[in-house]
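Think of it as A, B, C and D in the order they're written, each chain with its own count starting at 1.
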Amino acid sequence: MKKFINEPIHFVDEMIEGIIGAHPGKLGYAANDLRCIIKECNKIKGKVGIATGGGSGHLPLFLGYVGDGLLDGCAVGGVFQSPSAEQMLHVTKAIDSGAGVLYIYGNYGGDIMNFDMAAEMAEMENIKVEQVIAGEDVASAPKGEERKRRGVAGIFFIYKIAGAMANELATIDEVKRVAEKTCANVRTMGVALTPCIVPEAGRPSFILGENEMEIGMGIHGEPGIHRGPLKKADEIINEILPQILSDLPYKKGDEVSVLVNGLGATPKEELYILYRRVHHLLKQEDISVYKTYIGEFATSMEMAGASVSILKLDGELKRLLSKPASSPFFEQTQL
Amino acid sequence: MKKFINEPIHFVDEMIEGIIGAHPGKLGYAANDLRCIIKECNKIKGKVGIATGGGSGHLPLFLGYVGDGLLDGCAVGGVFQSPSAEQMLHVTKAIDSGAGVLYIYGNYGGDIMNFDMAAEMAEMENIKVEQVIAGEDVASAPKGEERKRRGVAGIFFIYKIAGAMANELATIDEVKRVAEKTCANVRTMGVALTPCIVPEAGRPSFILGENEMEIGMGIHGEPGIHRGPLKKADEIINEILPQILSDLPYKKGDEVSVLVNGLGATPKEELYILYRRVHHLLKQEDISVYKTYIGEFATSMEMAGASVSILKLDGELKRLLSKPASSPFFEQTQL
Amino acid sequence: MTEGLNAEDIKSIISHIKNIMDGQRDYLIDLDNAMGDGDLGITMTKAFTAANEYAQNTAEISPSKLLMATGMAIAKAAPSTMGTLIATGFMKGGKAIQAAEQIGLKDLAVFFEAFTQGIMDRGKSKPGDKTIIDVLQPITLSLHHSAKNDKSLSEGITDAFYISQQAVLDTIQLKAQHGRAAYYQEASIGKQDAGSTVGMLIMKGLYQFSKSNF
Amino acid sequence: MTEGLNAEDIKSIISHIKNIMDGQRDYLIDLDNAMGDGDLGITMTKAFTAANEYAQNTAEISPSKLLMATGMAIAKAAPSTMGTLIATGFMKGGKAIQAAEQIGLKDLAVFFEAFTQGIMDRGKSKPGDKTIIDVLQPITLSLHHSAKNDKSLSEGITDAFYISQQAVLDTIQLKAQHGRAAYYQEASIGKQDAGSTVGMLIMKGLYQFSKSNF
């Protein structure tokens, strides 16, 4: 296990200490708990608070999207573990400015239950809470069973768009509406080449052969669609992109934003080689690309692999996507 | 070799095709050669052009810093190979607006010779060219022999500061002066945990044992200071940071910017665990941190490892560092 | 029949469960690894270490409050799926208990019933979904049956434990509907549900206590 | 003595060098791997493939211009350290040749002298720095010596080639001052310089041509 760590059990807390130390004035924490990350700024009266949460090991997910035009807070769990309902509640209370709090998080059992509990507790304290659960991995459940799908890198788009809407002091119902629209308009599929190691476990959670890949694998090593010999970059895109496109389906004339996400160890060079093929195929399908995001947006520590997410835009989503945003992990100027 | 590639010999060109396709209106190329990257915009009369160049495999180095408030052009070589003098000349001619062109690149034999040749050719075409060679890896040559040092991640600071100065329409001598001052004020040291594979070679260029690390290794696998068993994150920083600090030396009361750079496969979580210790030690030394940069700024494809760079600031450098900058690979709003 | 469990007994049961989870840590990891993320052994030891720590240090004498607070300690220490579900179970189960200082077989049945219902509500799951419910529900039914037939507390616990052991094996044939295991769809048939095993091990804690005290 | 090399001969020599580099590709990779990045075999085959392609397709009859253009072809195809240095060498060497259509031993000495000086200027290197200069300089001296002593072209080439072989071995004891090898400092002593080997292989191309033509 070749990692820059001290004691494995301190992995998450030391990482957060580093993050808080590195970005003073940007990120702070609530309830004296380092795992209750909040944006360090004056609350804006009437702005809906947006919170997320989830396991560690996915930087910049989740806490990396706490920032201007993005999220207001994040409850941080252990590696690949949900944070507790109590921590979510702390974040909720810290970011509520009276306009309510929207939870946006991925479709995983532990997270759902804890956010549900947190929502119940928050409501007892008279904070209006709404929830949007992201699940867009087409490999994780067939069409028709969309509600079973895992949430992966596409959640970035939901954060971005909900964050922009909240910044305009929209009501919680409006922010929820655009978040749900984004959810409905995004699809993702990924490929894993190597596993990663949870520090406390000290060994890989699954094994892939020297020349194997798994199409559709989840970001914690959940099973995908099939395992087979590693193919060429173009062949991989030829295989996954049509599955994404036919699912929504995306159609001739559509305008989209494309996210090519690295899972951790895969270099940017390779992400661009993958994007090159996506670009060609979309052009062939007469689908136009408004904006690309290429890099690490949702990782599994040192896992090698990548995913492609496509967001179908309409006027409203495009306008919200174009807004500036700024966090220690993500910067965007007005497009 | 688990890479997302097609034919290894097309690695670089397909990567650039992907980049150009992904960022229309931002990056273009000169002389009909994809490897002569230039900023896509109207030239500003009187603005010094800044060019860089170097081997591929280091994204976001080098071409990732072509953008507003940064560089104007970049000649792109094969993986770990210098681009040709002719390509550098094409870039030079494309970005010159009459105020001259400053070359900023790393201290490697092939690059130096080719930039020298390009400079001679450019001067024959009446373009004023100046050069600044970055070399700040304290592990690569002892104090007193600074001119032998390799250029690594610290070159980012030189780009950033020279780019900001050029944006103010300073003369080429002024831009060169601040670039050289930045060079003189930055030091870097790194640690490698795993090798990377040059696609055309297909096998790692060096081997590190399952539990080994090499302190001071260069970004192409050049030998470092010593090889030994992998230590804890804090111990590694305890070992490298004092060598950085004593070299300049950085002193009590200094204000610095810190760059913790991932070499490729190392996750952000670990970079922050390393930064945590840097933060503590700098506090102990009474050195204050103005701004941190933590992420991938100069990589070796899928190499695992990290480097720490420290830039000593004065009023001028701080002002220039604070300026906004924007490229497809790097965004910074006014600090 | 004056036989019953007071707060001290409950604390002792929790300590039994903690020891069992510690001993079965790797077994639970392996079970969860087969169709999950392999954390179950880690989270369950964390959960019951926290539960035990709370229980051994509290002066609480109300079984109801003691069990609810145990749930809260677990929620905080182990917010994984199973940790959260069990925490919910303890909270809802504890809340349902009416008895002031001593709980009998009937109360125990009520506790498990509310425990089960709490998990079903929280997890939106039902019997047959290949979850811990498939062990908790037979336990509840068995306890109610024993209470109705005036069995002794120790008899009732023993019967429920045996039934839980069988129920775990019965999960093998089921198809997973929730959590990570659900991604395996048909391939989940033929493998024992990890969470159900936790339900059985909790029952085993009661059984061990009852064996050594009654 | 009318013996001399015209443009066609030079083209043939370049094709000899290309074949030698192809044959020694892995050897050069291994030499460069020991203290460098192992690309020398790749870049030298690229360099001389490009040189040969140019040479076999040009109608150029001026040795001077032919050699200069060969340098330019190499600069474009192989911009590594050694590629750039050799390109510079060909350009400077070609430029120094006065002879119009045929070059003799004296011209060859002048070519190698300018070739060497061009590399020293470009690389800021000097004899003894453990670089290709440590082969090129003995070659130059030998050719000048032979010319002065009116040796035949083929004798002059043979002597220079033998001397280059010895010069490569002499680099073993030197300490590297340039390029990646310099990072090895003292540890570079005892290893043969990869670039010097390239210098010798270029000379070998001349030697093979001379053997089969004179």
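Remarks
Throughout what follows, a contact is a pair of C-beta atoms (placed from the backbone, for glycine too) under 8 Å apart; a residue touches a chain by one contact, two chains touch by 3 or more.
Predicted model, so just to flag it, every value in this text is computed and none were measured.
Averaged C-alpha coordinates give centres for chain C and chain D that are 81 Å from one another. Each chain gets one centre point, the mean of its Cα atoms, and the points for chain B and chain C are 57 Å apart.
With each centre defined as the average position of its C-alpha atoms, the distance from chain B to chain D rounds to 33 Å. The residues of chain A never reach two or more other chains; the list is empty. Taken together, the touching pairs link the chains end to end in a line with two free ends. Chain pairs that touch one another, listed by label: A-B, A-C, B-D.
Within the complex, the chain A residues that touch chain C are 77, 80-87, 109-110, 113-114, 116-117, 140-141, 148, 150, 198, 200-201, 205, 218, 220-223.
By the touch criterion stated above, chain B contacts chain A in their complex at residues 2-6, 11, 14-19, 21-23, 56-57, 59-60, 64, 191, 193-194, 210-211, 213, 230, 232-234, 236, 264-276, 279, 292, 294-296, 299, 301-302, 304, 306, 326, 329, 331-333. Taken in their complex, chain D has these residues touching chain B: 33, 37-39, 42-43, 75-76, 79-81, 83-85, 88, 122-123, 178-180, 182-184, 187.
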